[in-house]
Structures are given as C-alpha cells and as structure tokens.
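The two complexes that follow have subunit A in common; it is paired with subunit B in the first and with subunit C in the second.
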Partner chain A sequence: MAAGATYTPIATTTLGSNQTSYTFSSIPSTYTDLVLVVTGKLTTSAYDTALRFNGDTGSNYSRMVLTSDGSTVGAGRSNSTNIMYIDANGVKDTTFNSNDIINIMNYANTTTYKTVLSRSNNAATGVDVNVGMWRDTSAITSITILAMSSGTWATGSNFTLYGIAAA
Partner chain B sequence: MANTFELITSTTVGAGGSSSIDFTSIASTYTDLLIKLSTRQTGSAVGYQFGIRFNGSSSGYSRILLYGDGVAVNAGGGSAETFARIAFTQSSTYTANTFNNVELYIPNYAGSAYKSFSTDGVSEGNATQIYSAGIYAGLWSNTAAITSISISEYSGSGTNFAQYTTAYLYGVKNA
Partner chain C sequence: MLNVISGLLSGGAAAGGGTSYESIATYSLSSAQSAVTFSSIPSTFKHLQIRALTRDSGAGVYNTYKVTYNGDTASNYSVHAMYGQNINTVDQFGNANQTGMVVYATPSAVGSNIFGAQIIDILDYADTNKYKTQRSIGGVSENNDNNLITVMSGSWRSTSAISSITITANGSTSFQQYSQFALYGIKG
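Take a look at the complex of A and B:
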C-alpha cells in the first residue's frame, strides 16, 4: 500500500567508530513532526540517553518520566537542565539490547516551545515513557544525541531520523 | 519520493475466530517493523496476554513492563520465557464490542544483534474488570533475522482471537 511521502527518512547513520555524541544537522522544516529511532550501545557502562536541540546548552530543558525496573514503578522529573533526559531505567548499556523511539511534535514552528514524547526500552533494566520540553520557540534544525555521564556511543550504534508530513 | 513506510500485510479474523495470527515470509528489505493490533479474545478469563514468537522460536524472550489497571500502577517482568508477552487483551467477559489496541515496534529486525522491541497497549471498556494500559520493553535473545511472527494468547488456554480482530504489519525503511 502506498502511504505517500508522509513518513520519510531524513537521515540515518551507523557509527563507524566510538564517539561521544552524534548530531543531525540542517534538518529541513518541511515536515510536521520528527521521529528519532536509536538502537545503540555504549562502550563502558549503562547511561541515559539525552538530547540537545540547535546546540542550546542553556538550562532550557525539562522532562517528566514514568518508569519501571521490573519490580517497582516510579515517576520523576528534571527541571531547567541543559540537556533533555530521555531515559530513566530503559538505559543504553554495552549491548544492542535496548532502543529509544522519540517523537518530536511540531518541531518547525516558531511560536511554541517544543515537546517530545518518547519511549525507552531495555528488557534487562527497565521501560520508560518520557515527556520532554525545550523552552525555545525556534524551529529545531539540529538534534544532538548524547550519552549521559560522559558515556561514549560505540561503533555500530544506529541513529535514524524520520520526518512525518501532515499533508 | 520513495515510499519508506509500507503495509506489508494485514489480516482480519473471520466469524470462526482464530487461535493465532501469523505473518510469514517477512522480507529483510526494511529497517524496522511496526505491528498494529486491534483484538479481543473469545474466552472469558480476565487478564489474557498476547504471546508472540519470532521464527517459531520458543526460547530467549525477556521483558519489563509498567501497567495501570485503573486502580494502581504496577511493574513486572520476566526472563528466559517461551513467548514475548507484549500486552493485555480483552475477553468475552469484557464489555461487548470493546477491542484493545497495541503497537509493537521492532527496530533492526533483520540485523545480527539480539532483537529489542517496544510495545504500547491499551484495553478499556467502561466497566469494572481489570482493564489495562501498559508499556513493555522486550528482547528476543537471538541473532537471526526475524522472518515470521506468530501472535496468540500466551497461556495456551484455548481462547481464540474473536471476529473483527485486525492485525497490520508495516515495514519502515531508513533510506
């Protein structure tokens, strides 16, 4: 069935070497929403995934998370951070056994702050649903994917950015 | 422009019901798979759960979940299981005509790493039975490309998917 060009891969990369972050840049404003799929692993330990938009290092990010580690549930939030946390228990580790599916709504508008709805999954450590906010009205033109606590993305980690067009 | 989000196949359960939904001969030409389910079971138990098997394998599944039943929020999980349990589903005890909804996303299903996946499931019915909204992190500890997916009720209770159950399998390409 032809779905039309409404779910379009903007860019994808598989890391050929270890690196501390990866940035999608020059994201066009021609879509309505973005979907970022992360299937990555880290070199040494388990850390959260985090995002940064347009290179903004100000304390302009917040998030709320609902999470489970398999035995207990939890909720939490982070205010006025300089990155947007994505994970809590569904962290990245030294295997490819986890994933993040991140929806960024209305990313190109220039009148509202930007909201993110994401799911993080690691069947060994936990599962998260996360809502994030970037308090900036700029259109998102770049996304940097970080691993917290100076974690390093390992070779073979894959990041794919899709554009969703409303029409 | 290339079509990168494609319906691979779909099924709608007929009047006789069906014990399983099977997707076979899944091509490796996509990057990720997405399954959308709208289901109900013919049996009467409360708390039926889906069981999924990849490539007919009955080993290597693990999960962690978080779910709410309208009263409390709960956590759970399992490892070394024989099915991938991904969501709760309605039974004949539940309000008539109510079907649950589930999305299952499987990144890199044709790669050589173990297969991690993400599930969101909801089940509601405007009644007092245990309905549920849940999210699951799942893993199949197997490096084989996924070429078939079988969905059934995991406990082997003999219940069937009810008429009008639907299942859609989509392929997503990253280039």
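Take a look at the complex of A and C:
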C-alpha cells in the first residue's frame, strides 16, 4: 500500500556571514507540503523572526500563537501583517541556537490560501506553537526568512527546506 | 538559486542509506464527503503521521472532527488539549471515554479559501502490547477574531495493531472540496 519514500531535502544553507534575511527561491511545485527547519541565533538581542512568501509585502498575513516563557502561558494573534511571525517567546537570541520547525501545507495549490503550522523553541526564553495564514492562492515559489527589528541572523545559522510528497 | 543537496533524490535514498518517511495514501476531496477511511494500513512502519487540511459545511466558526481506529466507535478513547484563542485566551480540557479522538480545528462559516491544518502523530501503532497514543497540533488563522491553535494528546484503549483509520466530520457536516488527508509511515 505504501506509495513511496519522501521527506526529501530540497535545499540547505549555513550562513557564512551575518545576514538580515535568507531566501529559498525557485522552489519546485512537485511536493505536497514543505517543512522548513531553522536553527540559529541573532547578533542582537532576542527578537522575533518571520516569513514572507513570493516576496509579498502586502498586509496579507496572519497568525495565532500559544506561547510560554517559563512562568506564564499566553495566546495572541496578529492580523493583516506584511510578514508572518513565527515566534513569540521561542525567539532567537544571541547566545543559544534556537529552532523552528515550520510546516507549509499544500504550498503549491492555486485554489486555497496557505496555512502554516509551526513550533518555535528556545530553552532560555520559551516555546511557541503557531498557526499562520497567507491570504493568497498563488503557489509558493520562494520563502524569505527574516530577522526583525534590525536584527541579523548570526553566522552559522542554518536553514533547511524539505519537501513531502503525498501519494 | 536552490542549493540542491546532491545524492538525495525525490522519493529515493541517499547513497548508502535510506529514507524512513513514506507516503502511504492520500484523499484530496473533489466534492463534499462526510468521512474518509485509510484501510489495509501495513504494519511495517513504527509510527504514522496524518497531515490534513480541512474545512467543513458546519455553521460554526470552526469545528472538530473525529479519528477512530479499526472501526471502533465505542467509548475507548480519551483526549486532552490546551489551546490558544484570539487575544490572550488560553484554556485546556480533558475528556475520557470518548467515541473517537477529537481533533481541532476545521473552519466552517468563513471565506471559502480558508482551511485549517492538523498534523497528527500516531505512535507505535502496530505494537500489540500497549494502548495507542496520538498527539497533534492544529489550528486556523482567519485574520479576524476567529483564530485557534491547539496542542492535543489522546489514547485509544486497545492493544490491537491499527490497520484502519477513519476520519469523520463533525455531526451532520461534511468535509468540503479541497480538504486533504495524507497518511505517511515512519520507520523505526
């Protein structure tokens, strides 16, 4: 019954210098879902990081987060933003590499808006679980990973993109 | 430009190695359907994962759906969840003796392009010595005050190997066109 192996690495990069963002472009449409794994830290203090699809800078993103900082659990939403936030307390900092596992569901379909499920984890600052929406029916062909508030991704930060193909 | 990793081909294996994640079967709905069933699930994997995008025909903002194993609709399931909703609403619930594993969040009466997403892991599904444990994350962000993110766990009090999984829309509703359910196996 099994239809075949998948969860295929598409691309990976480890930063050789500090950068404000990194973009995966020319993403093939041959998969069903994408999984983006981020392991990194920032050169400034703890700031949010975010995604942008296909270079869209319009206010077409939203997200809902359940978050904890070690003493308090909370929830929050961001509507009509021009980026998709992917963390709250599980933010990147300057000391510890923290990680995000980001599932971009049915990214290549041209009928529905795109839904993103993710986890962000930083043992020093907190953990998050997020759901995001990009209100666009275009297939996702590029993903930009942004450091916010004038932060920069530190040298050594790693971004890896996988594709999962359904039967 | 993509920095493509050489030696790892789609659906294939790295030189000298293998992949442990395989697609088993998928439902992509071309019309409304009240339930889908994955049957004849092979026992050759260690864990299963369902990746779903859902929308139903209900009148509410969002709904649940139910996951049952091997056709068992008796009260042999329990679930526990914590969730976040809109601005700083955090809560939790636990329900014993349920007739299926409840999973959030399927949007209903919202824009037709909006689908909720759920990723469900079913651990050690073929082991005949232990009850089965399921965990999931799911949610929907609708760009308004109808947002939900959930973290859930559940137990099926049966030691039978799971050979079929049925996913049933809430109540009398149906999953809408473009809802999708993909089943994957993960080797141990």
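Just so it is clear, the second predicted complex is superposed on the first by the 160 of 167 C-alpha atoms of A that agree within 3 Å, B and C clash if a C-alpha of one lies under 4 Å from a C-alpha of the other, contacts with A are read in each partner's own complex, and residues count from 1 in each chain.
Simple rule for what comes next: contacts are C-beta pairs under 8 Å (C-beta built on N, C-alpha and C of every residue); 3 or more make two chains touch, one makes a residue touch a chain.
Keep in mind the model is a prediction, meaning the values are calculated, not measured.
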{"item": "Side-by-side fit of subunit B and subunit C on subunit A, or clash", "value": "clash"}
{"item": "Which of subunit B and subunit C A:Tyr7 touches, first, second, both or neither", "value": "both"}
{"item": "Partner chain(s) touched by A:Arg135 [first = subunit B, second = subunit C, both, neither]", "value": "second"}
{"item": "Touching partner for A:Gly90 - first (subunit B), second (subunit C), both, neither", "value": "first"}
{"item": "Per-residue touch tally on subunit A - higher for subunit B or for subunit C", "value": "C"}
{"item": "Touched partner set for A:Thr39, first subunit B, second subunit C, both or neither", "value": "first"}
{"item": "First (subunit B), second (subunit C), both or neither touched by A:Thr144", "value": "neither"}
{"item": "First, second, both or neither for A:Ser71, with subunit B first and subunit C second", "value": "first"}
{"item": "Touched partner set for A:Ser98, first subunit B, second subunit C, both or neither", "value": "first"}
{"item": "Which of subunit B and subunit C A:Ala123 touches, first, second, both or neither", "value": "first"}
{"item": "Overlap of subunit C and subunit B interfaces on subunit A (superposed complexes)", "value": "1-9, 12, 66-67, 73, 119, 129"}
{"item": "Partner subunit C, residues of subunit A touching it in the complex", "value": "1-13, 24-27, 30, 32-33, 62-67, 73-77, 79-80, 103, 105-106, 109, 111-113, 115-117, 119, 129-133, 135, 137, 163-167"}
{"item": "Subunit C to subunit A touching residues, read off their complex", "value": "1-5, 8-13, 18-26, 28, 40-42, 44, 51, 53, 82-90, 111, 113-119, 137-145, 147-151, 178, 180, 182, 184-185"}
{"item": "Touch list for subunit A against partner subunit B, complex", "value": "1-9, 12, 37, 39, 66-73, 89-90, 95-99, 101, 119-127, 129, 158, 160, 162"}
{"item": "Parts of subunit B lying in touch with subunit A, wherever the complex brings them together", "value": "1-7, 31-32, 62-66, 73-77, 79, 105, 107-108, 111, 113-114, 116-118, 120, 135-139, 141, 172-175"}
